[in-house]
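So that we are looking at the same thing, I have put the structure below in C-alpha cells.
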Amino acid sequence: MSQDKLTGAAVAQHNSRDSCWVIVHGKAYDVTEFLPEHPGGQKIILKYAGKDATEEFDPIHPPDTLDKYLNQSKHLGEVDMTTVEQEEKAFDPEEAARLERIQRMPPLAACYNLLDFEAVARQVMKNTAWAYYSSGADDELTMRENHAAFHKIWFRPRVLVDVENVDMTTTMLGSKVSIPFYVTATALGKLGHPEGEVVLTKAAKQHQVVQMIPTLASCSFDEIVDARQGDQVQWLQLYVNKDREITRRIVQHAEKRGCKGLFITVDAPQLGRREKDMRSKFSDPGSNVQNGESEVDRSQGAARAISSFIDPALSWKDIPWFRSITRMPIVLKGVQSVEDVLRAVEAGVDGVVLSNHGGRQLDTARSGIEVLAEVMPALRERGWEKRLEVFVDGGVRRATDILKALCLGATGVGIGRPFLYAMSAYGLDGVDRAMQLLKDEMEMNMRLIGATRIDDLSPSLLDTRSLSGGHAGSLPVDTLGLGAYDPLEAPRFNEKPKL
Amino acid sequence: MSQDKLTGAAVAQHNSRDSCWVIVHGKAYDVTEFLPEHPGGQKIILKYAGKDATEEFDPIHPPDTLDKYLNQSKHLGEVDMTTVEQEEKAFDPEEAARLERIQRMPPLAACYNLLDFEAVARQVMKNTAWAYYSSGADDELTMRENHAAFHKIWFRPRVLVDVENVDMTTTMLGSKVSIPFYVTATALGKLGHPEGEVVLTKAAKQHQVVQMIPTLASCSFDEIVDARQGDQVQWLQLYVNKDREITRRIVQHAEKRGCKGLFITVDAPQLGRREKDMRSKFSDPGSNVQNGESEVDRSQGAARAISSFIDPALSWKDIPWFRSITRMPIVLKGVQSVEDVLRAVEAGVDGVVLSNHGGRQLDTARSGIEVLAEVMPALRERGWEKRLEVFVDGGVRRATDILKALCLGATGVGIGRPFLYAMSAYGLDGVDRAMQLLKDEMEMNMRLIGATRIDDLSPSLLDTRSLSGGHAGSLPVDTLGLGAYDPLEAPRFNEKPKL
Amino acid sequence: MSQDKLTGAAVAQHNSRDSCWVIVHGKAYDVTEFLPEHPGGQKIILKYAGKDATEEFDPIHPPDTLDKYLNQSKHLGEVDMTTVEQEEKAFDPEEAARLERIQRMPPLAACYNLLDFEAVARQVMKNTAWAYYSSGADDELTMRENHAAFHKIWFRPRVLVDVENVDMTTTMLGSKVSIPFYVTATALGKLGHPEGEVVLTKAAKQHQVVQMIPTLASCSFDEIVDARQGDQVQWLQLYVNKDREITRRIVQHAEKRGCKGLFITVDAPQLGRREKDMRSKFSDPGSNVQNGESEVDRSQGAARAISSFIDPALSWKDIPWFRSITRMPIVLKGVQSVEDVLRAVEAGVDGVVLSNHGGRQLDTARSGIEVLAEVMPALRERGWEKRLEVFVDGGVRRATDILKALCLGATGVGIGRPFLYAMSAYGLDGVDRAMQLLKDEMEMNMRLIGATRIDDLSPSLLDTRSLSGGHAGSLPVDTLGLGAYDPLEAPRFNEKPKL
Amino acid sequence: MSQDKLTGAAVAQHNSRDSCWVIVHGKAYDVTEFLPEHPGGQKIILKYAGKDATEEFDPIHPPDTLDKYLNQSKHLGEVDMTTVEQEEKAFDPEEAARLERIQRMPPLAACYNLLDFEAVARQVMKNTAWAYYSSGADDELTMRENHAAFHKIWFRPRVLVDVENVDMTTTMLGSKVSIPFYVTATALGKLGHPEGEVVLTKAAKQHQVVQMIPTLASCSFDEIVDARQGDQVQWLQLYVNKDREITRRIVQHAEKRGCKGLFITVDAPQLGRREKDMRSKFSDPGSNVQNGESEVDRSQGAARAISSFIDPALSWKDIPWFRSITRMPIVLKGVQSVEDVLRAVEAGVDGVVLSNHGGRQLDTARSGIEVLAEVMPALRERGWEKRLEVFVDGGVRRATDILKALCLGATGVGIGRPFLYAMSAYGLDGVDRAMQLLKDEMEMNMRLIGATRIDDLSPSLLDTRSLSGGHAGSLPVDTLGLGAYDPLEAPRFNEKPKL
C-alpha cells in the first residue's frame, strides 16, 4: 500500500452533503462545494458520495470535465483502489437477459440495411442508453413522421439511360465527399460504445464523409479532432453558451484545429422532454420518489442536465458577432420554416439544416423533408437557390431517402441515430458496414432512377403530391392516448347458462 | 341507545312501493310519495327501500338535495346506526383486483403528462365511475376525433427568437389568468373523489386558472363557491331549466356569490346516450332485465336520470331574457358551426365555446378545433374577431394542443376529463401536478415555437392543410361494427392428413 | 300403421340417380326427372335420395315450391314418418358450442344499437346461415365501405333551436311512414328464423314502416301479404324472369294483393360470388371435392342456385313494358351512377334506390351514400330533384346514418341485414327493439342537430369534404392478400450462444 | 459396374479450389477453371466440390447451361451413381413441418381466387423458393402498393344494359386472345415446380392467352417453345447482354422459332436487392458468415448471381439496332413515367409495359396502374393513343383489377406471381383453375359493370380521385422501422404493494 495514495476508507467517510468526495478513474475529488452547481442535480452525485462513481460518470462527461470545471485544489489525488470496497450488485434479470442476447447476436453480415442495426441495438444496448438515443418529444409524432414523410414521396424514374458508370461524389461547404450524407452530431456516444465518438471519426475517414463534432460528446473535442486522419473533414456543432466568451473560445479553438464548418443549433433554446427516456430512470425499485423532495433532476435524463448552459436568448442579432469571430462557413441547424430560410439568406449565412432535432424537441413539428419541399420553390422563385446550401436531417434510413432530398434540392443529408445504433451493436465494423450499405444502395438506386451524377437529380423524378395534407394519414395507432382507450364492446354473454 | 332515534328494524319495515323509507347519512326519509318523481326512476330507490342508501346516494346528489326537493314533513329524523343491519357484500373479484392495483399504483412523479393520469385512473377507478367519465356518444367517433384532430395540425416554428423570458398570462372575460386554459364543467365529481369538485377549486387557485362550476356537480354550488380563496375566479355552467324561475334564481344567486361568467350549455337539449356507460350497469348478475318490466331508468346511467329538467325548447329567443337577469358576461357553450357563431355575435353575447360536449352528445359532430379553423377566418373577414371571445374544448391533452388553438385565434381552451382523472387517481396532488405539467410543457413549447407572449401566436405558425378532408384518415380500427366482422380467410388446411 | 301411407323403407329404395325420391314435410316426391333442372344442382338432392330432406329444404324453398314446380303426378303422397329411419347425427362440436352460447345469450335489453344484434347473431346463428347473410363480394371492400362511408360525413349541427317537439314522419311513394327507413328485401329469411319474413311484416306494422317483399323469400309471397294488418304498406322487390309471362303474373298478382310499389332490381344480371359463403360449405369432412367431378353447384351457396332464372338481358328498353302492365310506382333498385339516375328520370320511373346490393355483387363499387352526394347536385342543377324519389341502402346502422342520407336529399333509406340479425337472435322482439332503438336515436339526433322536421334537413348541416378521394383511407387492414404477406423481419438472433 | 463410368470415389478426390469436379444429372464436370467466372460466385460451387450438385443446380440453371457455358473438354462423362456416397441430411424440423402441411393441403376446389393460391403456396413451398418469388425491394412498399393501388380506384357501373352475351376477347400485338391478360415473364420456375415454365405454357394454351418467355427461365428457351401447341402465341422477354452478339442470336433465334413479340426489360440495369430473399439464405446453421471472407455472392440470392451479364449501358440509342435485327413488335417493359412513354412513341416502338418489375427493383417507385392513369390522358391529348399498345403489370389479382386497367386505356395486363403460386401448390391443375377463376370473375364483373365487349370499357366507368395523393394512406403498418419502435408506455405499476 502506497503512502501517497488515499484509502477507500478515508474517502468513504466523506459521504454526505456536508462533505462529499467521489472517486473517478482512481482519483478522489472533493465536490462538496460543487454540488449545487452540478447541471445534473445534487442527488445523482450524492448517490456516489464516498464511493467510486466512474461507471456512471464516464459516458456522460468528457474526460477533461473535471480539469475544466473543478478547481485543482479539489483534486485530492490517487486512491489505492485495492482498498475500495466493491459494491455487490444485486442480480438484475433484465441485464442478465441482455448479456445472454449479446451471446446470440446476429452476425454483422446479417444486417442488410440501416433499420437492421436499430433492431439489433434495441436488443443488446443497456436500457437507459437505448432510451436516451431512441426517445423523442412528447408522443413522438414528429420523430415517427420524420421517417414516414419519406414514404409520402414516390419516384418517377427514367429508363434507358446509360448508367454503367455512376458518380455519387459531391461537394459540401467546399469539401469533396464520396456520397452526399454526413455524420450529424449526436450527444453522449459512450452510452453506446466505450470509445465514443472517435469510432464515428474512423468510419467517416474510411468512407470519405464529413463528421460533425457534437458539443455534448462523451469524448473531448480534442480527442475527436486528434482521431482525424489525413485530409478528413470535420465540422463543429455548437450549442451557444450564455457566456459568449466560452462560445468564442470554443469556436476559435475549433477553427484553429481545422474544422471546416460551424453548425449553430437554433432549435434548442431549451432541451426537450423525452418521456420515454425519463420513464427509463424509474426502474430503481428502491426509489422513494414520492417523498415530497423534488426529484426533477434525476427524472429528466442526462441531456436535460447537461443543457442548462444553453442560451435561450440567442437570436438573429447574434449572427454578425459569429461572423466576426470566425471565418468558418456558418450554418444554422434546426431551421423549420420558409420564412426563416429566407431570413437566413438575408443574414448572409452559408447554409441551413432543415431539422427538428430528430423529433426530440417540439412534437408535431414537421419533418425536414416536408419543409424542404416548401423551401426550395421559394428560393428558386427569388433566384436565391445558390446563395446558401440547404441540408436536411431526420428519419434518413435508405439511399432512396437521400435521393428524394437531393431531387428536391438539398445539398446533402445528415444521419445520426443509425450510425449510433451500428456503433452500439457492432462497433467500428458496424458503422463501416452501415456506410457501405448506403453506398451500395445509392449506386443501385441511382441506376434504377436513371441518374449517373448528383446533378442529374431533379424534382421531375418525384411525385410529392401526398406531402400536402398527409399528416392525418400517418397518425400512429399506438399513441398513448388510444392505448388507454377502452375499445367498444358488444353485449356480454352470461358466464353461466340461464336456469 | 337513544330514545329519540329510529331503529334499523323500524325503518326496515318500510321496504316496499307502498311505504318506502331510506336512510341517508344516518337520517331516515319517507320517499313513498316522491318515488314517481325521482328523475332516476323508482327502481333504483326501491332497491334500498328500508335500508341505508348513503353509498349510492352520495356521488350523484349534492348534499342539499334532500332539503331542496323533499318536503320537511318526510324527514323522519336520526337513526341509531348501530341497529341497522349491515348487508354483507358478496365477494367481488373485480373490486378486489382494483383494490390490489391501488396498492401498486405508480408514484405521482411517474406521471409525465395528462395522458398518464388517464391510464392510471382507468386501473384504479371503480368501473361505473370510469364508464361514466370516459364514455362518449354512439361509436365514440367524435370523442376520439376530438383528440386526433389536434394531430392534423402541425407546427411551422420560428427559430433565433430571444425566448429567455416567456409570459403565458392572458385575460379571459376580463379576468387575468396564468395560462390560457380553464377547468371546464364536468358532472358528478364525487364519482372520482369523495370530496368532489372542491378539489378542482383548490387546484385552480394554486395555479391561478378559472374553474367553471357545473350545474350537475356532486358538491352543492355553495360548497364550491365557499371553497374559493382570495381573488380566485369562477364561472357558472348552466343547464336551462324548463321552469325559468328556477333558472333565474340559479343565475342571480351565482352572480351574487361572485361568479364572473355565465356559460349557457346549448348542445344538450337532450342528454346523449353513452352505450359504454349503459353497458357498465349490466354487471349485476342477479338482474332480471328481461322480465318485461321497463328498466330504462337504470340502464341509462346517472346523467340521463338527472337531466330530465333540461329545457329542449331553449332558443335564440331566450338570449335577451338572460341579458335582462344578469350582468355576467354570457357565453354560449357548445356552438358547432360558423353560422351559429355569426348569429351569436349578432345576438350580442360575449363569447362562445366551440365544443361538442366532449363527444358525449352527437356522434360524428366535428371537433371544436376543426370548427375553430373555419370560424376565425369568417370572423376576421367581417372584422368581428374582437366582438366576442372564442373558447374551445374537447381532446386537449398537451400544451401543443393549447398552442394550436391559440394560434388559430382562440382566447383559451377548456380542459375537463384529464383533471377528473388526475383527481380520481391522486386527489389534489394529482390535479396540481397535471396543471404544473401543462405549464412546464407550455413554457417549453412556446420557446420551441419561437413565441414569448400569447400575442405572438398566429396562424402562420401552423400547417392546417390536413384538417380538411381528413376525417376518413382518422377512422378508428376498433369500431364495434368492424369488431363483429369476420376477417376474410384463406382456404383451410385439413386437420388430418388425407389417407 | 295406415294402409294409405308409404313406408320409410319403400322410399329408401329410391336412393339413386335412376330413381330418386325424397320426403318433405311428411310427403314423398319423385324428383328423378327434375334432377337436371334443379337450380341448386343435382348433388344436393341426391344427398337426400330416399331420405327426409325437410330440414335442408325448408329455409331455401317457399312452401308452395313443390306445388309450383313439380308436376302433381310426382307427388307420391304421405309417408308414415314412424317408419322412417332417423339418421344419427355425428356429434358436431361447433354446433354444440353454438347451442351452449344460446344458453348464455345476452338479454335483449343489453342490445343498445343495431350493431349489437349483429355481434350477438354472429355467435348464435348457424354458421352457414351467418355466412350467407354476412358475406359480400370478393374482398368485401364494398361491403365494408358501405358502412365506413357514413363515417366520412360529419355534422355541422345548429344550436338554440326549439326542439321540444320532433316530428320524424314523412312520405314515401305516397305512403305516410313514421320514420324515413323501410325494411328492404333480403333473401331466405328462414335461414335466420323458422317463421321467416312474416316476422319482419309484424315488426314493420308495429312501427308503421314499409316492408319490401323479396322475390327470394323463404315464405311465399302470399304468406307475407296475408300477415299484413290494417293499412300497412308493402312493396314488391322483383328479379325479372327470362320468361316475361311469369314476371307479368308476379307483378299483377302483387298489385292485386295491394302492393304499393314495384322495385325492379337492376344490379344483379348475375348473382355475385361470395367466397366467404362458398367457403362455409366446405366444412363437411367427408367431402371428396377433389375427385374430378364438377361440384360447382354445392360450393356456390344457396343464392347462386336459386338465381338461374334472372334475366341478364333486362335493359332500359323493358321499362315501357313494365309501365304497361302495372300502375304501381316503379323504382329501379341498384342504380350506381349519376348518368343512370338522369336516364331514369328521362325514362319516367318514379324512383331509384342507390345501392350496390349490400356489397354482394361488384366489389369496389362505390357506396350508395357516396353516389347520393354526386346525384343530388346533378338533379338540382337540372331542377329535376322532384321528378323522382331517391332512396339509398347499404351500411345503415345508426340514426345518424339516416340523417346524413336525408340531409343530402334522399327520401328514405333501406335497412336489411340489421333486421335479419335482430330477428335471427331474438325473433320479433329483437326486430321490434331494433326499430325502437332507431326511433330513439333519430329523435335524439334530430334534436342534437337542431332539426324538428324532416324538411329541416339540408346539405348545410353536413361536412362532406372527406367523401372525395377518401377510398384509400378506408383500405381495410385484413384483406386476404395482406394476410398472406410475410411481414418484414429483422436479423434473427441465433438460438444458441456462439461457442 | 461399368468400365466406362467414373466412380463416386474418383470424383470425390477433386474437392478443392485447386481441382473441383461436380456431378450433375449423373455426369461429372471439371469446373476448376470456371470457378472465378461463375456468376453466382465460387463458394456455392465449392460447397459441392467432389459431390452431386444436381438438386441445387437444377432450378437455377436451364438444362443446356453446361453445354453452353462449359467447354466440352471439361465434360468428364458419366458417373456410376451407385458408388456415390449419399450425404445424410440432418433432420430439419421446418422441412418436416412443410411436408406434413402438404399432406393436409386444401383441395384445389377450395381455392376461390388468386389470393388463395398465394396463401396455400406460402405454406407448402420450400422457404427459399417462397422467399425468392415473394420478396420485393427494400421495405417492399412498392410491392405492396402495386396491389393496394387498385383499391384506390372504384367503379361507377352502368345498369339496365343487356349483358346476356359477354365477349372478353381482344387483340394484343396482333394476336387474338380470349381475355386481356398474359402470363408475364418470371424467373426460375423450377423453384416452384419440377417441370418449370412449360407448365405455364400448357395452361396458357388451354386458355388461349399469351405466355411471355423469360430470359432467366429454369427451362431452356427451346424447351418452352417446344411445349407450344397449335397456334399458341409466345413472346420473348429479353435482358440485354453486354455482348450484343449474344443478344442478336437470342432475338433472332426467338423470331425464327415463332415468337410474336420482343419485350425488352428496361427497368433492371442492375437487379434489385431483395432483403427477405437474402435473409432466407442465412438459415444454414453451419455458416461461418462472420469469418471475414466476403460472402456477398451467397447472400444476394439466385437472381443477383445470374444477372451479372445484364448491360447497364442500354439506352435509347440502342432502339434502332433492335429494329434492325428483328421484325417482331418491340415493347419496352418497365417504363415508369409519362415522359418515357412519349419518348417511346417518338422512338417508334410498338408498345410499353408500365411496370416496376413486381416491386423488386426500386422501392417507392409508383404502381403501374397509377402511372397508367397519368399516361393515357397525355397520349390522348396528343392523339397518340393508337400509336402504341400500353400494357401494365404488378399487383393484378382480380378481374376487377384487369377491368380497371382496361377502363383507363390499357390493352392488357400481365400476371406473374399468382400463376407461379398456383403452379407451385397445385401444378398445371392449379394454373388452369387460376385462369378459369379469372375468366369467371371477368365475365361476371363485365356484366355487373354493364359492359359486353372490351371496347365498352372507358374511364367514365371509374372513380380515380383517390389515386392522387393517396400514398400516405397506404402506408403499411409493418414496416421494419416501426417494428423496431418501442410503443409509448403508461406509468408502470409496481410489482409488489408498497409497504
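So that you can tell them apart, the chains are marked A, B, C and D in the order they are listed, and the count of residues begins at 1 in each.
Following the convention adopted for this analysis, a residue touches a chain if its C-beta (ideal position, glycine included) is under 8 Å from a C-beta of that chain, and two chains touch if they have at least 3 such contacts.
Everything quoted here is computed from the prediction, not taken from an experiment.
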| item | value |
| --- | --- |
| Rotation angle (°) superposing Cα atoms of chain A on chain B, nearest 5 | 90 |
| Homomeric contact chain A-chain D: same or different residue positions, threshold half | different |
| Cα-centroid distance, chain B relative to chain C, in whole angstrom | 42 |
| Residue list for chain C, restricted to those that touch at least two other chains | 110, 112, 115-116, 119, 139, 275, 279, 282, 468-470, 473, 477, 479-480, 483-484, 490-492 |
| Residues of chain C that touch chain D when the two form their complex | 138-139, 141, 266-267, 269-270, 272-273, 275, 278-279, 282, 289-290, 295, 299, 311-319, 332, 334-337, 339-340, 361-366, 468-473, 475, 477, 479-492 |
| Chain D residues within the chain C interface of the complex | 107-110, 112-113, 115-116, 118-119, 122, 134, 139-140, 144, 147-148, 150-164, 275-276, 279, 282, 397-398, 400, 440-441, 444-445, 447-449, 460, 463, 465-466, 468-470, 473-474, 477-480, 483-484 |
